[in-house]
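Chain IDs A, B and C follow the sequence of writing; residue 1 opens each chain.
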Amino acid sequence: MSTVSETARPVSRPVSRRRAFRKSRLGRFVTRSPFYLLVVIIFVYALFPFLWALRSAFTPDNELFSTPLQYFPNHPTLDNFTAALQASFFRHALLNSTIVAGSVTLLSLAIGSLAAYALGRFRFRGRSAVMYLMLSMTIFPQIAILGALYTMISGFRIVWFVHFPHLYDTRWALIFTYLIFTLPFTVWVLTSFMRALPRDLEEAAYVDGATPIQVFYKVLLPLIAPGLVTTGLLAFIAAWNEYLFALSFIQSPNNYTVPIAITSFVGKSGSAFQQPWGEIMAATIIVTLPLIVAVLVLQKRILAGLTAGAVKG
Amino acid sequence: MSSVATPVPPTGRRRRRSKLQRRQTRLAWLLLVPSLAVVAFVAIYPLGKTVYQSFTNQEFLALEPTKWVGLENYRELLHDTVFRHAVWKTIEFTLITVGFEFALGLAIALVVNSSFKGRGVMRAVMLVPWAIPTVVAAQMWKWMLDDTFGVVNDAGTRLHILSHSQAWISDPSTALAAVCAVDIWKTTPFVALLLLAGLQVIPGDLYEAAEVDGASQLQQFRKITLPLLAPAILVTLIFRTLDALRVFDVFYVFFGNRPDTQTMAIYNQDTIVGDGHVGYGAAISVAIFLIIALFVVIYVTFMRVTED
Amino acid sequence: MFKKRRSLLFVGGPVLLLALVVTVSVSAGTNRKGGANAIPAPAVPNAKAIKAKYGGQSITFIGDSVGGGHTRDMALATRFTKATGIKVKVVPHPTASDASYSQLARVFTSHGSSFDVAMIDVVWPGAFAPYLVDLKPKLGKQAKLHAAGIVANDTVKGRLVAMPWFGDFGILYYRTDLLKKYGYSAPPTTWAQLFAMAKKIQDGEQASNPQFSGFVFQGNSYEGLTCDALEWIASSGGGQFVDGGKVTINNPKAAAILTLFQKNIGVTTPRGVTSYQEGEAHTAFVTGNAAFMRNWPYAYSIAADPKQSKVVGKFSVTTLPHGPGGKPVGTVGGWQLAVNKYSKHQDAAIEFVRYMTSPAVERFDAITNTNVPTIPAVAKDPAVVKANPYLKPQIATVARVTRPARYLGTHYNEGSKEIYQGISQILNGASANSVLPSIQSKLQQLVK
């Protein structure tokens, strides 16, 4: 462990003793150990609550809050998982949330990337104004716009006989209203990516006779792939976890989304005062685990997508 | 930094707007139509209605007709000590969490970006807090921080990090720290992911060239990474700050409308939904909007300064 | 182009995984059944007459939240529809109480008719009164069967705006085995006794269980604290916050009992009790970590279930203690049924309410779902008492006190907030004599 091996290097500059130490095995361990310590701390901080949720999901009701605290259940059980999955509104919620979050993400990326192209690669009067208009959408507190949105989706009259469609208690109400917070963020991030791209590839494409739209999806879009992936992921999760609008615009249990469904579980007593904590944790695991597995499985693809952009640039 | 690719002919804009320029502008606005349509429906009507309501005395359930009261609500707001306290509390929370999240997020992004084994797992691990629904995560942390049944107190006393069980949530002196810890845990992945995406587009050969020239890690970080990451940093900071200033869920689950920990958004919701003062609540919403807009102006000015 | 497909794949991946989970679980699923002692839903009296008049109409009922309550509502609604031909669509209300309030308020203020019958909390009649139908003409006679105090609570300005449906009241849970172990022959009758007993038991038990506490209750800054504090103050002769239209909260007896509680926070109660709601309190008790608990009757079935509780057979219930010169009381909780003024089928809705608040259905609810009946005669039924041991006569006849919803009307939430925020400050150390006057003046501005 403590062998100091010095490699003879045929270089013009003399090798300093400090650099030699840093490159040796002991040196590498010493300089990198704060690094590894940081990694361990981050792992524990990020992961421990999830592991605690995992432990709670497998713990029967009478051991969940027993004292002294049990770090591993004495009698692990699958009851919480079966109970969560048996609730039909929870199963429907998984489907509803997937449809809503997926649609919002695709819509945001489509609309947002077009807007980012305009705002990031063209110069015109009003460009800044549009950027800040988008931003202003996210500045209002949700509760402030809740009442107005509720009126809108309940089918209000815009002008004369033109009515807003009655979207209350449907998935469309959520898909439409979630755009209010996914779109500004998507536009801003993709615009910053678009702005950072150099001109040469684009100009070469124009010289080759490409139309602006072709330039958009053949040249620029692949280059900002890291931005698309990132904003898509963040938008999906934000829409997935949204609570207030889903609570206010949906009333039938079969139309619940995941956060509402999870907070609707009631314990065996039937009273709203009893939160069936084991079941809630089991439901959380069911909801979170596929996402984690998907990210792990798609690791290489995301990595390739992200680094390919760097190489090309 | 911002390079615009539209080929501008040499007899450019100063003389007259070329046909090409006008076509480009028209195309740009066309591309913006879907976004602006969304903004019009989903944002402008609700915002307009809120501003209108702030000049009335509308009550949620009252039967008397609503009256126009002009600036009365705003005058009352200026003397509202509860609101002032909520504003300071929110700003305190924002500064602490955005600061920590940025530092931690940058560290994580750098780690994942570097070549070390296990960074794939690290990336997936990093997503976990963000993937759990906020209301569930908040309730989970509430149980974890409980003074009788909580694992934090249990592990802390066992490992002798804590001398005795703390009532993290009940005790006003530790309440803010508790809620900050949860928010940092929850939203650092957001910052880390955005910064990571920004890091990934920095070309690797820049670093190789610097390494050959003998630059140290720190020099590389200061001269290459930071400047090229600056736009991503600023976008991340803006959106994180906006979200932090409007924080609601975590505080609500932990404290409800407890006076010592009220944030602006909680006070706003409590006024509109709890007390039913829609008009006054709308004035509060407008005030919150202006306060947050102030932060945006600060960021933008900073951004413009660094760009030049 | 290829990269764009990659991001689509990234979205598609989790979607496929989730679809897999859902398909697998669909085969596993049956809806949860509620109620341990299921008896059939009662018959509808006068079904033929009702069918003749209103058969074929459709009404919407916003009822209990998903789970056992919703299942019970569905069973009753199905029976009602079969007998009378009135179609009843049952929509569960959100589990969170304030979300439920907002949902109803939004429909009322937009003069909507999207529901006809709704389940409302015992403190909402005052707020919603202008939007509800007066039930006295048609249901006044049936209302006489129900507890007078709750009917008075539901009568606003002479109009009966809601029919009592479930009752609820605060009771004291105590550990019979620990009382015996420390030489007490009976549960405490005064608050001072309770704290003394709690201290002795806590000191003894903490030797083996450091997490043990003497007394747990709902101390968080929320509506539940208004309920608990009302019991403390009313049982000590300090009034019911607002008596006969006058705000009375600022008085020496109230200050005395609040100071007594303040001294015991963190001493015979957990320090965290000032964040406790019903859930934390019952968890402390059923895991064997508390000697005394104040809670609603729902906790009884949890404490008696071996799958959830460590104190099965080791606890009992009684009325809450009282202060010097007072008598035991219990705050009224529970739910009422009301008819929307903007409903297009008011009469059909009223018939549904008549069925749901009839003695037979209250008996059904009490046995299948352990809901406390609001009809005293039903509460005496042996089968009901068997399923609900806290309905023993000596407990069931405790004096009920109601929160001042009647006097605060649409300002109830605001008024209650002043009360519970103030009392929370006292529990956390502020002097009662400085806080009570400010609560008094704020309430006076709201009481009309």
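The definition used in the following text is that a residue touches a chain if its C-beta (ideal position, glycine included) is under 8 Å from a C-beta of that chain, and two chains touch if they have at least 3 such contacts.
Please read these numbers as outputs of a predicted model, since none were measured by experiment.
Enquirer: Among the chains, which one keeps its Cα centre farthest from the Cα centre of chain A?
Expert: Of all the other chains, the one whose centre lies farthest from chain A is C.
Enquirer: Looking only at C-beta pairs in contact, point me to the busier pair out of B-C and A-C.
Expert: Looking at contacts between chains, A-C has the larger number.
Enquirer: For chain A and chain B, what's the span in angstrom between their mean Cα positions?
Expert: 14
Enquirer: Starting from the mean Cα coordinates of chain A and chain C, work out the distance between those two points in Å.
Expert: Taking the average C-alpha coordinate of chain A and of chain C, the gap between them is 38 Å.
Enquirer: Note the residues in chain A that touch 2 or more other chains, in rising order.
Expert: 65, 67-68, 147, 151, 229, 233, 263, 275, 291, 302, 309
Enquirer: Give the residues of chain B touching no fewer than two other chains, as numbers and ranges.
Expert: Each of 148-149, 273 in chain B touches at least two other chains.
Enquirer: Quick check on chain C: which residues sit in contact with 2+ other chains?
Expert: 102, 211, 283, 287, 289
Enquirer: Can you tell me which positions in chain C touch chain B when the two form their complex?
Expert: Residue list for chain C touching chain B: 98, 101-102, 105, 108-109, 127-128, 130-131, 211, 213, 220-222, 266, 270-275, 280, 283-284, 287, 289, 410-411, 413-414, 417, 421, 424-425, 428.
Enquirer: If you look only at chain A, which of its residues touch chain C in the complex?
Expert: Contact set of chain A toward chain C: 60-62, 65-68, 82-83, 85-89, 91, 94-95, 98, 102, 105-106, 109, 147, 150-151, 154, 217-218, 221-222, 225, 228-229, 232-233, 236, 247-248, 251-253, 260, 263-275, 286, 290-291, 293-294, 297-298, 301-302, 304-305, 308-309.
Enquirer: State the interface residues of chain A toward chain B in the complex, per the touch definition above.
Expert: 13, 35, 38-39, 42-43, 45-47, 49-50, 52-53, 65, 67-69, 71, 110-112, 114-115, 117-125, 127, 130, 132-145, 147-149, 151-152, 176-177, 179-180, 183, 185, 187-189, 192-193, 195-199, 202-203, 206, 212, 226-227, 229-230, 233-234, 237, 240-241, 243-244, 258-259, 262-263, 275, 277, 280-281, 284, 287-288, 291-292, 295-296, 299-300, 302-303, 306-307, 309-311, 313
Enquirer: In the complex of these two chains, what residues of chain B are touching chain A?
Expert: So the residues of chain B touching chain A come out as 1-7, 24-25, 27-29, 31-32, 34-36, 38-39, 41-43, 45-47, 49-50, 104, 107-108, 111, 120-137, 139-141, 143-144, 148-149, 151, 154, 185, 188-190, 193-194, 196-197, 200-204, 214, 231-232, 235, 238-239, 242, 246, 248-249, 264-265, 268-269, 272-273, 278, 281-282, 285, 288-289, 292-293, 296.
Enquirer: Mind listing the chain B positions that touch chain C in their complex?
Expert: 59-63, 146-149, 167, 169-172, 255-259, 270, 273-276
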